[in-house]
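Inspection log for the structure reproduced underneath, given as structure tokens.
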Amino acid sequence: MNRGKKDRSLTTGARDAAAPDEAARPGRASYEPELSGGHGKRWFWGAALGLLAMAAIAPAAMADEVSLEMFTINNTWMLVATFLVFMMHLGFASLEAGMTRAKNTVNILFKNVFIISIGILTYAIIGFSLMYPGEFNGVLGWAGIWLQPGPDDMTAAYDPGFTYWTDFIFQAMFAATAATIVSGAVAERIKLPAFMLFSLIYISTTYPIVGSWQWGGGWLDEGGFYDFAGSTLVHSAGGWAALAGVIVLGPRIGKYVGNTIRPIEGHNMPLATIGVFLLWLGWFGFNGGSVLSADPEEVSLVFVTTALAAAAGVIGAMFTSWTVQQKPDLTMTLNGSLAGLVGITAGADVISPFWAMIVGFIAGIIVVFSVIGLDKAKLDDPVGAISVHLTCGIWGTLAVAFFGGGDLVWQVIGVLACGATYFISAMVFFLILKATIGIRVSENEEIRGLDIDEHGMESYGGFQIFSSR
Amino acid sequence: MKLIVAYIQPERLTAVKQSLFDSNVTKMSVTNALGCGQQMGYTETYRGATVEVNLLKKVRLELAVTDAFVKPAVDAIIKGAKTGQIGDGKIFVLELHECVRIRTGETGEAGVG
Amino acid sequence: MNRGKKDRSLTTGARDAAAPDEAARPGRASYEPELSGGHGKRWFWGAALGLLAMAAIAPAAMADEVSLEMFTINNTWMLVATFLVFMMHLGFASLEAGMTRAKNTVNILFKNVFIISIGILTYAIIGFSLMYPGEFNGVLGWAGIWLQPGPDDMTAAYDPGFTYWTDFIFQAMFAATAATIVSGAVAERIKLPAFMLFSLIYISTTYPIVGSWQWGGGWLDEGGFYDFAGSTLVHSAGGWAALAGVIVLGPRIGKYVGNTIRPIEGHNMPLATIGVFLLWLGWFGFNGGSVLSADPEEVSLVFVTTALAAAAGVIGAMFTSWTVQQKPDLTMTLNGSLAGLVGITAGADVISPFWAMIVGFIAGIIVVFSVIGLDKAKLDDPVGAISVHLTCGIWGTLAVAFFGGGDLVWQVIGVLACGATYFISAMVFFLILKATIGIRVSENEEIRGLDIDEHGMESYGGFQIFSSR
Amino acid sequence: MNRGKKDRSLTTGARDAAAPDEAARPGRASYEPELSGGHGKRWFWGAALGLLAMAAIAPAAMADEVSLEMFTINNTWMLVATFLVFMMHLGFASLEAGMTRAKNTVNILFKNVFIISIGILTYAIIGFSLMYPGEFNGVLGWAGIWLQPGPDDMTAAYDPGFTYWTDFIFQAMFAATAATIVSGAVAERIKLPAFMLFSLIYISTTYPIVGSWQWGGGWLDEGGFYDFAGSTLVHSAGGWAALAGVIVLGPRIGKYVGNTIRPIEGHNMPLATIGVFLLWLGWFGFNGGSVLSADPEEVSLVFVTTALAAAAGVIGAMFTSWTVQQKPDLTMTLNGSLAGLVGITAGADVISPFWAMIVGFIAGIIVVFSVIGLDKAKLDDPVGAISVHLTCGIWGTLAVAFFGGGDLVWQVIGVLACGATYFISAMVFFLILKATIGIRVSENEEIRGLDIDEHGMESYGGFQIFSSR
Amino acid sequence: MKLIVAYIQPERLTAVKQSLFDSNVTKMSVTNALGCGQQMGYTETYRGATVEVNLLKKVRLELAVTDAFVKPAVDAIIKGAKTGQIGDGKIFVLELHECVRIRTGETGEAGVG
Amino acid sequence: MKLIVAYIQPERLTAVKQSLFDSNVTKMSVTNALGCGQQMGYTETYRGATVEVNLLKKVRLELAVTDAFVKPAVDAIIKGAKTGQIGDGKIFVLELHECVRIRTGETGEAGVG
């Protein structure tokens, strides 16, 4: 069996020998583009600083057959990465709850608890099989219902980096992410059952199928598209669906009155901040785990690029919002860190720390204008999910070509192909739901808050919450 | 002088404020309240048990106005608050004996405005 | 010296060779029940799906003497598991605080900070010695006061999976858990000193003594009881004490008026949700660390069974509460995930992923009815601790026999023997405290909230909190 | 190149052989003080209990050249420690926000998001080069702008414990900590730009320069000062700056009226408690990572000493506040755990578990009196940062001499030399800022809250917050 | 018509509401208040310093009733709120000049009910 | 008897309470309110859009006093609340028809004190 995640076709010579996931993955066409141009750009900063440095560094080569010790440490790291990605779901729950109104908080929390659960379950039932079908036609494959480990799948024979179980659970945590992203954008007005059905369908079909094109070794991967940890495959998957949802649903009551935008303030900034810190934390596993082994050089490089991009995203968004809005907006700054993280996700292992910082900084700027621009277009996204995950997801994917040696043409093809598939399928699902069970709650319910009508309870029992909106 | 107390739906506050402003009543105080009236409440369930909630969220407005402004103010509140549905609210008018502006010590009608 | 945690007497042939904790543990009677029936059940799903699969998989055998590298990675994983279990205490603190009223929040937070601290300290002073006394009569043993590492106890000679220090600190984090569980059930009415004394005594005597029967290699372990990570030994330990406490204390004022149940709503759902996510996170260490090594197959299997059970618990509780209550109750759903986690804890390493999902799903259903049933019996448990940890702890322990190859008779014996000891000792402690210093706060104090009278402060200074209960 | 963190000159024979960071660090004068007295003290507890024990334990010796497996596990552990230290920033953000008023919450959250970001960025640009300049005069060195990995810096040739990238990112997480500590002490009244500039300057100059004296292998290290993980180098760095800031700023309006102290209560105790738990969690990485390898004995010992000190700090502070204040104060108890943690930080690897408990317990007592004493001196520190990080930082540094075999003279020299440098430079920076852009917000702004004037938004939109202070 | 304002202990609200319902007074508004009266406050300590708290949590009820209902309403409030302990609360009765139901525009006694 | 209603700046509450105590007025009730008066509001920005906030945080005091205490009480409030800046607040005095102490059933002036 040769399913397994993320065939990496874009690595520098430096790491080729060391990356066990590469060498030991069976049944993978080993496509290695000549990254001459990219290489030049990638190490430009180094050159500029008078260093030739890293391109020559190579840790002791790992054989195809790694030692049991190495297998164990790789697998352990992958499980650590797994629980870090799991934490992102609490991050999303907190961020979304914090940036919306108190009267819809139970609903948002509920959706997030639901999504991580249904995400793991459906991924076990069909998602993993759709996304990593093994040898397939490159467009649509299927490895069978439920998890099906083969005889050697708990050893390095499956993959030098992890067991079959680890592979599944790490990937499962990713899968739920896509739907969680949507949750924030459509918050405060979508009917609970409609949202639940949407997520269920989207993460069990669209997400894994598109994922198979790249990480399952499909046509995009064969072609030369590069998306290290999922700026496009995960984040824009959520972002496109969020955009479709926001279009179909329309804005929240009172957000746009005539031509003025009436901000609807989030109810709990500490909660939103907790969310962002947890997401940043989780990203060390999201990106760090996407190395698919504990390879010291690569994982540590990914930690550095991830942290620098996030930090620079904060500073970029801070300055931008300070300039545009006169005052430094906390929520924009929080979005800035996420923007930087999404931005570096596609190239965290091939973009140098210096350029990672630049990529993050630009993402931080972009996200502020994207939030403001979407508002101008009357696309009401309470938490900025579209700006963070879609806008910066695209930026990050393209940045691989600019700063990480990727092929711009293939990066664009990837963005468009995946984007079209995500957006159209999400649109279709939402429209079908709208036509059948309906997707928007009644005006009365929206005004009173979804917590009471959908769940019959309040999020802050006993607190005086005064809101005239 | 009169003191007008009005209970309205929270989400009508912006509209009421606007229509009061339009009638040149620009001073008011607002409080959070819970109301129990003709409007039916709703049922919450929590961990398997149900609870009847009949105290609904309302906004309480308090306006001191000169007698001449009573009618315009009441009308403005009605204009902003009325949707025709049960729960729209109530207006109470009380006799106001005296009014003092703390900053200047002005009293009576001078204090109200 | 041959103390050390959790002799595993129930492992499949598949993992025998690989599990270092098994092979290298000295002085352990190596009892291996013939799990013919269990085996059949356990792999049923696999068979049903046409797979013979895993029973034949065996990673490269580890020798008695592991390499320093393997020892280091094992030990590192155990320390990671340790900090994950530590996080569960924040999880409990958040969950309990969120599901009770704002006026008692300081008290609850205080108790949780106290418990983790006193738990670690008493475990160092006497608990570890009581629980892992080395060779003993199987019922009560004692290795001496304070920590006493022997000459080789920092090397693989102690255990191939961890040093003596690691062993202690990992176990210490477990010990405090039992008392924390009680904290939620008796919340909002117990006197602070009474609770503190109770926890102190319970976690320094009852918990480690019963623990020694199984994980210390005592009579239950010799007999054939199986409790992988503590559905009975940890969770029901807390659950039984919670039950005793609730019985002795009586319900909160205003909860049961005549024959009607008047729900007392928790004051902070985001906090409760944070708590549950953190508990779920911590469980990856609670169960994953109970493997006692970083063995790739076993740890990754445990991650998968743990995650699937939790996810299925959410779905099970969601549907049940939606059906029974008409609306999907967030707190029930949160309890559902914990129910699934407690349910799988006893058999996380011997129940297959498919059956783990089923075990979790059933636990999710059970927990809802248990909460409602306890309320009907006027047993007032504000956070559902008894339902989650006791009811589902029993279910999980029995599930090892149904789906994991355990011996039903011994599972029942274990549940009853431990249960009786936990319940009776807790009852005795509570009754003594009631007769001496008193355990329930005055009516006035209960109405005004424990925060003011016990701690002289408020949890949300400046916030308007309106509560007529 | 021979930069790299923390030359350890105080280790017992027991661990010498095993500690890879020691043996393999090139270019380090290997200064090993004769710890006769210290040794006696250190193992006193053991002797008292009739054990000679650990001094004789030596794990299998690690060669200078570690295996790739060992390098990988070491590096992986260091990255885990890195993300744990990262979490401390959320810990600080939560604690500080929770212990101040709701009207300044956005400001506090903003500052914390800013600090971690600017901390990482400036550390990449100049901090790392200042702190670990390689061979230098022992007082001030410089390795060049931006990160400059050499040809072998991703292998064990750089350090057997981590790659260059790991080294940087782990250290970067530390750097930001110092400024975060200040943030809490000056909260609720400092102008945002002034604070931002202060942090920027302080963490990019004073912190790394003083750090180089010890961890960079400078004069303090050469002399014989010992500070394992930074009671002085990190915590007192923040504490001294906090003290300077509090002196220059003056107290918050309404805190001291005549000769009475009017407590200004924090607005969110659950948030403060979350903060403390996360800090404690992070400390497992802060101290555990300072081992600079995954060495099983040393890392597990550090976990034990860290946990025992924190737990004992809680108990110490609890009893002290219960005695002094009549009631057990949650915030004091929370400070107690941090006090214990700061207290053990300097000697977590050389103080035995028993004495670690004592060190933590004393720290817990000290912190309560320090908080009360500072209040008496009208030094207004809303979160107790000075008491926790400065007072207990000094205590912890001296405790190495008392219980861990350090040289008292050099410990005092270290405390004084670093302290003077920190305090004076912070004072100068604050006074310059005061004279130029001003550091205190206007009275009106302070009364209304910094959130509205500095950020134009509220932290709890929709909540009724009633505050007459 | 009269406007009745009553301050009661928060935990008596359910009982007061019930006894008002029993007396056929079903419309009311409730607000959160802090009260300072004969009842002694308590002392909080925070980080070693003490603070006297003498504003205690109370619930403020406001009921507009026709004159005939004043006595029954006051009695009902007393019945529900009285425990005989200091802090039980106070009832104030004000003259109500006018009352308007926003939804229908009814005024006077018709508006009250 | 009169019912005094006063809106003051929140941060003046302690001072007002003190000066009322000094004048032997020790019973009062306090509520949280939002006020819209002569004082200008401020502008918040949230995610790039601006919002005008003109309901500012105020504290509402309610005191029932005998006629003899009206003047001292009003003066005490002014003394404690006045800073001379816009936003200092307003005092309203209403006729109080009746007053009942729930615990004892005392009415009239006996009930107020």
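Labels A, B, C, D, E and F are assigned to the chains in the order they are written; within every chain, residues are numbered from 1.
Operating definition for what follows: a residue touches a chain if its C-beta (ideal position, glycine included) is under 8 Å from a C-beta of that chain, and two chains touch if they have at least 3 such contacts.
Everything quoted here is computed from the prediction, not taken from an experiment.
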So which chains count as neighbours of both chain D and chain E? C, F
Superposing the C-alpha atoms of chain B on chain F takes a rotation of how many degrees, nearest 5? 120
Pair with more cross-chain C-beta pairs in contact, given C-E and B-C: B-C
Same vs different contact residues, chain B with chain E, by half of numbers used: different
Determine the centre-to-centre distance between chain A and chain C, using the mean Cα coordinates as centres, and give it in whole Å. 33
Roughly how many whole angstrom separate the Cα centroids of chain B and chain D? 54
For chain E versus chain F, what separation do you get between their C-alpha means, in angstrom? 18
Touching at least two other chains at once: which residues of chain E meet that condition? 31-32, 34, 44-46, 94-95
Using the touch rule from the top of the page, what residues of chain D touch 2 or more other chains? 69, 73, 76, 80, 265, 268, 274, 325-327, 329, 331, 456-458, 460, 463-464, 466-467
Run through the chains and report each pair that touches. A-B, A-C, A-D, A-F, B-C, B-E, B-F, C-D, C-E, D-E, D-F, E-F
So in the complex, which bits of chain C are touching chain A? 45, 49, 51, 53-54, 56-57, 59-60, 62, 67, 69-70, 73-74, 76-77, 80, 84, 101-102, 265-270, 273-274, 276-278, 280-281, 284, 288, 294-297, 299-301, 303-304, 307-308, 310-312, 314-315, 318, 325-331, 333-334, 337, 353-354, 357, 460, 463-467
Given the complex with chain C, which residues does chain E contribute to the contact? 10-11, 13-14, 32, 42-46, 59
In their shared complex, at which residues does chain A touch chain B? 254, 447, 452, 456-458, 464, 466-469
Listed in rising order, chain B residues that touch chain C in their complex are 32, 34, 44-51
Quick one: which bits of chain A touch chain C in the complex? Just the residue numbers, please. 68-69, 71-73, 75-76, 79-80, 82-83, 86-87, 89-90, 93-94, 97-98, 105-106, 109-110, 112-114, 116-121, 124, 144-155, 162-166, 168-169, 172, 192, 268, 271, 274, 454-464
